[in-house]
Amino acid sequence: MLEIENVSRTFPARRGLFGSTGGVRALNQVNLSVSKGESLGLVGESGSGKTTLTRQILRLDTPTSGRILFEGQDMAKLGPAALRALRARVQIVFQDPYASLNPRMSVHDIVTEPMLIHRGKLGLDRRQRTDRAAELLELVGLGPQHLYRHPHEFSGGQRQRICIARALAPGPSLLLLDEPTSALDVSVQAQVLNLLIDLQERLGLTYFFISHDLGVIRYICDRVAIIFQGEIKEEGRTQQIFDAPKSEYARSLLAAMPEVRVPD
Amino acid sequence: MIERHLSNKRSARAEALRRAFYRFRQSRLSLIGAAMVATVVFFTLFGAVLAPFPEHVDGGVDTSNRFSAPSLAHPFGTNELGQDVLSLVMAGTPVSVSAGFAVVFIGSVLGVIVGALAGFNGGWIDDVLMRFSDLMLTLPSLILAMAVAAALGPGFGNMIIAIALAWWPGYARLVRGEVLQAREEVYVAAARAIGASPFRVLFRHILPNIVSPVIVKMSLDMGFAILTVAALGFIGIGVRPPTPEWGTQLSIARSYMPDFWWTAVFPGLAMFMAVFGFNLLGDGLRDVLDPRARR
Amino acid sequence: MLRFIFRRILLILPVLFGLTVIMFVIARVLPGDPVGLAAGPNATREEIEALAREFGLDQPILGQYWTYVSGLAQGDFGTSIFTRRPVADDLAAYLPATLELVFSALLIAIVVGIPAGLMAAIWRNRWPDYLSNILSVAAISMPRFFLGLLLQLCFAMWLMWLPLGGRFPIILEPPPGVTGFYTIDALLAGDMESFQTACRYLAMPAIAMSLSPLATILRMMRAATIEVMQQDYVTTARALGLSPRLIVFKYVLRNAISSSLTLIGLYFGWLLGGTVLVETVFDWPGVGLYATSAIVAQDFMPVVSVALVIGALFISVNIVIDLLYGVINPKVRYQ
Amino acid sequence: MASLLEIRDLHLSMHSFEGAAKVLSGVTLSVEKGQIWGLVGETGCGKSLTGLSVSRLVRTPPAEYTRGKILLNGTDVLTLDEPRMRALRGRRIGMIFQDPTTNLNPSFRISTQLIDVALAAARHDSKILGLPATAGRWARRQAARRLAIDMLTEVGIPDAATRVDDYPHQFSGGMRQRVLIAMALVGQPDLLIADEPTTALDVSVQAQILDLLKQMVTVHDMGVVLITHNLGVVAQTCTHVAVMYAGAIVEKGPIRAVLTDPAHPYTKALMQAIPRRDVARGALQGLPGAVPNLVQPPAGCRFAPRCILAQPSCSKVPAEHERAAGHLVACPVVQAAHHA
C-alpha cells in the first residue's frame, strides 16, 4: 500500500548571523513498505528523523531523492487534484492533542471540515455532514452532545479522540499515528490504544505508528522498524525484534527500555 | 436531536465571555479605563450638541468677553476670541476620536493585509514587503506624517491619510510575526494534511487565531493616534480652525501663557484623559485576550 | 564578529537608498508648491521660474533624484530653498543639540526605568507595583508637548527656577566645541558654571522627552523580570538555596535586561522622531525644529536629509544593540 | 532517631477562580537514608506538589497548608521562616527537575552557577569546601570551583576541568541533566528530590541518568524521592514506591511487595494499563471515568467513583492497613477481603 524507496532528505546549509551551519542529512536511503491492514511501528529517539519521514509521506515536504509510492502511484508526480484526493486517503493523528485542534473552532466544525473539503468525493450535504460527524464521535467514544463544544472543554484523552474522528472523516485507508499517546497518562493511553485497535478491526485501516515508546509499539504493531540518525537500523516482525534484536543499536535500545517488572 | 445540542454552543460561548469578563473585572484600572472611554465616546456622539455655547463651536466670537477666567458661566474660561473653552473642548472630542479611529482602522487593515501576505507566502513576497515596512519603520512616524501632511496640504482627510501611511508598518510586523508563529502550529499542519487549500488555512485557521493581539494593539494605538493627531495640530499642519481640535487649540493658547493658562490647560487635559482611558482599556484587554502577556 | 559588524554596516546602504526614494516620492509626487512659498506671495512668474531653475526643480523627477543622490555620495545634502544655506551645514549645526537631548532623555529613561521596573516586578501586585502601573500608563498617555507646556508653566513661569527655552543664553559664549554636547564640552573645558547653565537649559526638555520611554522601559522591564522569575532555572536556583538577592540581581537581571534591550533600540528611533514636538515647545535648536520649519515652508531638501540622518542613526544604534545583545546572550555569540 | 524525611497527614489547598481545590489530602510518607522512593501517579495527582512542599517552594497564597507536618531530620519545615528554610535548601535538600534545558540559566557559564550553589551551601556548613570557616573570599571561590569540577567529574562529565566554563547550550540534554545533578549534590544534601528527571530525555539517556542516580545514593548516603509518572522507571530504580491518586497516597511499600502484590484497585488499574511484555493485543485495560474535581472531591475515598470494588463504606476516609511488612494500602474493601 505504501512504499518508501531510497528516500533521503538533506536540509541545506543555513547562513546565520554569526556564521553558517553545515547541511543536515535527516533521512538517508530509507526503505520501508506497509501492506494493507497491517500496523508498522517506527521507533526512534529524538532527532532520529521520524518526524521528517512523516512530513515526506504527507507531502508536507519533498524528499531530496528517492520516491514514495501510495497504492502504486508516485506521490511526487501527483497533480494538485490528485494530491487533494490523496489527502483524503492518508490521514494523520499528531502527538499533542492540545496543539492539534484549532481553539477557535467547535468540534462540529473540526470534524466536518475534511468532509467539506472533500465534498466532491464524499458527496455529503450539510446535514449529512453533521450526522456523519455525530456518528464519528460515537465511533471514537464521544457523543453528539459534544458537537458544539470547543476543544478547551475536553481532557487530553478526549481531544485525541476528536483528532481521531477528524482523521477518519474523509474515509482514509492509511493512518499515520505520530506519537498519538505520548502526551497522555497511562490509563488514558490504554483507552486510546484499544480504540485504535478496535477501529482498525472495524474499518480495515492500515497504521503507520510512530513512537519512542517501545512498550506501546510492541502492544500495537505487527512489524517494527528502528530508525537512528536518519537510517533504518533494523526491520522485522515485532516478536522477532523484541526477542532477538540483530543490530547493536536495537539491542541497546531494548536494554534501556524501562519495563515494569519485579526487580531481582 | 443534534439541534438540541446547539444550546450547548451558546452556553459555552457565554461561559467563555463570563470568564473573560471576570478577568477583566479583576483589574480595577481597566474598568476605570472602560468608563473613561465610554465618556469619550459619549462626547464624541453628543459633544457638539451638548456644548453650552454651540455658536462658538461654529466659529462665532464674543470679543467683549476675551480671556475671562474660569467661572460658573464658563467653567473652563474663555479664549482670545471670547469663545467658551468648555464648548470648544467638548466639540473637539469627535474630531480627535474619529480621526484617531480612522487612522487605526486604515492602518490596521493595510497592515493586516501586508503582514498576512508576507507571513503566509514567505519567499520573495515576504522579503519585499518586509524590507519595505522596515524601511518605513526606520523613518520616525511623526516626521513621515508631517511630511505627507504638509505635502497634501491641511485638512481632516489629508491628515488621516498622512498618519495612517506612517501607521501600517507596525501592524504588518505584528501580523507577520503572528502568522509565522501560527503557521507552525500543529492544527495548521493538521488542516494542510486534510487537504485544506492555502486560502482556507489562512482565513479559517490562521487569521482567527491572531485577532486578539491585533485588537489589543488597536486599542492601545487609539491613544497614540489621538496623540499624533493632536501633535500635527500643535505644529500647525493638521486641522485648521475653526474646526475645534485640541492640538490646535493648545498651540494657539501657548502664546497666552502663563496669564491665561486655562486656554492651554483644559484642552491638554482633555487630550490626556482621552488617551489615558484608551490606554487603560487596552491594558485590560491585553490581560484578558493575550494569554502570553497575562501577569 | 568583525565580519558581522562589517556586513551590518554594508546593509545600511540599501536602507538609506530606500529612504531617499520614499522621501523623494513624498516630496515630489505629492502636490505642493515649495518654490511659490519660498519666493513669497508677491513674486512674479519669472522670479518663481528663476528660483526653480536655481534649485533644479524644473528638471524631471528622475533627474532631480539623480542630482540629489550623486550629491549625497559626495557629502552634499543639497541646499535649503528657505534658508538658502547648504543643508549639510545646517545639519552639522543642529544635530549635536538633538543628540544631546535624545541621549539625556534616554539616559534618564534607562537609569530610572530599569531599576523601577525591577522593583515593580519584585513587589508585584502590591502597592508599589500598582502605583508604578498607574503612573506609567499616565506617562505614556501624556502628550509630550502638553507636558512640556505644563513644565514651562510651573518651573519657568511661576516658580522661575529654570529658563523657558533655548539651549544656552544668547549673551553667553557656549563651551568650546569638541563633541557638540554643551554639557560634555563644558566638563571637558573644566567650566563648571557653563555646565550648570547647560544642565538648567537641558533639564525640562530632557524630562518632557524621557517620560514616555521611561514608562515603557519600566513596563517592559517589569514584564521581562516577571517572565524570567517564572523560568525553571530560577526555581532551581531557589531550590538549591541561593539568596533572593543573588537570584534577582545576578541571574534575573541579566536575562531581563537582555530582553529589554531590543526595545530600547526601537525607542531610540521613536525618541528621535519625537524631538520635533519637544524642540518646538522649548525652542531647542535641533534637527526637529529645523525639520518642522522646513516642512511648514514645504522646503523638502532639509526634510529628506533629516529623515536620512535619523534613519542612519536609528540603524546604527540598533547595530550597537545587536552587538550588546551578543555580549549579554552567549547563545547568540557562539552560533 | 528521627527519620530523614517524614511527611505526616499533609493537606494542601489551592485557591483559584473555581474555589479552593484540595490538592493534597493526607499525604503520609517517610524516607530513610539509602532508600529511593518512587512517587508515582498520573497528571494532577499532587506528586510534584508533595516534592515542592518539602522544600517549601509552593507559593502561599494561592496555596495553603491546612493540616499536617513535614519533618526533615525531626524539624517541621512548615514552621520555619524563609531564611532558615533557605539554609536547608541546597544544603540538606537537593532538587532536580524535569527539563534540563530550561533549568539551567542560559546566560551564565555552568561554573558560575555551580560555584554560587556551592558558596551558598558553604555559608551554612563551611566543611563543604574543606576550608576553615575563616577562609577568605578568594580561597572560598577557588575551593568552590575545585568542588564544582570534582562534582562534574563524579557525575560523568568528561574533561570537566575545561567543560566547567562552558555555557549550558554547549551540552547535550543528557549532559545538562548530569550538570543539574552535580548542582543538586554539590551541597552534600541528605535528601534528593528528583521531579521527573528523565521525562524529557531519550530512553537510552534515561537509563544512564537513572543508573547515575542509584550510584549517587550509595556514594553519598542519601535518601531520594523520585517523582515520576512512569512505573517502569520506578521498577528500574527504586527501593520503595508510593502510588498517589487525587492528592493522597493509596498504596506504598517496598518495591517488590507492591509490584508482586498490588492491592489497591487504583494500583491494579495502573498496572493493567501498562503495555507490558506479556499483554496480548487488545488486552490492556483503560481506566474509565475522569479524575475527580478537587474543589468538591468525593467524600471519603477519592477513587471510589471509578472503582470496581466500591462499596458504601468507601464514603469514609480510608485508613491505611499493613498488608505485609511495610506494605500499606488505603482501602477498606481490600482490607476486609484480606482478613477474610
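Per-chain residue numbering starts at 1, and chain names A, B, C and D are given in the order in which the chains are listed.
FYI, a contact is a pair of C-beta atoms (placed from the backbone, for glycine too) under 8 Å apart; a residue touches a chain by one contact, two chains touch by 3 or more.
All values reported here derive from a predicted model rather than from experimental measurement.
Asker: Could you let me know which interface, B-C or A-B, is made of more C-beta pairs in contact?
Answerer: Of A-B and B-C, more C-beta pairs in contact link B-C.
Asker: Where the centre of all protein Cα atoms falls, which chain's Cα centre is nearest to that point?
Answerer: If we average C-alpha coordinates per chain, B lands closest to the whole-structure average.
Asker: On a C-alpha centroid basis, what's the spacing between chain A and chain B, in Å?
Answerer: It comes to 47 Å between the two C-alpha centres.
Asker: Starting from the mean Cα coordinates of chain B and chain C, work out the distance between those two points in Å.
Answerer: Here the centre of chain C sits 24 Å away from the centre of chain B.
Asker: Based only on mean CA positions, could you tell me how far chain A sits from chain D in angstrom?
Answerer: 34
Asker: Just the number, please: Cα centre separation of chain A and chain C in whole Å.
Answerer: A distance of 54 Å separates the two centres.
Asker: Hunt down the residues of chain C that sit against at least two other chains at once, touch-wise.
Answerer: Residue numbers touching two or more other chains: 334.
Asker: What are the residue numbers in chain A that touch two or more other chains?
Answerer: Answer for chain A, listing residues that touch two or more other chains: there are none.
Asker: Flag every residue of chain D that touches chain A in the complex, lowest number first.
Answerer: 42-43, 202-204, 206-207, 210, 229-233, 235-236, 255-256, 259-260, 269-277, 279, 281-282, 284-288, 290
Asker: Once bound in the complex, which stretches of chain B touch chain C?
Answerer: 29, 131-132, 134-144, 146-148, 150-153, 223, 227, 230-231, 234-237, 247, 250, 254, 257-258, 261, 264-265, 268, 271-272, 275-276, 278-280, 283, 293, 295
Asker: Any idea which chain B residues touch chain A in the complex?
Answerer: The touching residues are 1-2, 5-6, 8-9, 12, 16, 185-187, 189-197, 200, 204-205, 208-209.
Asker: So in the complex, which bits of chain D are touching chain C?
Answerer: Listed in rising order, the residues are 55, 57, 86-91, 93-95, 97, 99, 102-109, 113, 116-117, 120-121, 124, 167, 169-170, 180, 183-184, 187.
Asker: Which of the residues in chain C end up touching chain B in this complex?
Answerer: It is residues 15, 18-19, 22-23, 26-27, 30-32, 124-125, 133-134, 137-138, 140-143, 145-146, 149-150, 152-153, 157-158, 223, 226, 269-270, 272-274, 276-277, 280-281, 291-292, 295-296, 298, 300, 303, 306-307, 310-311, 314-315 of chain C that touch chain B.
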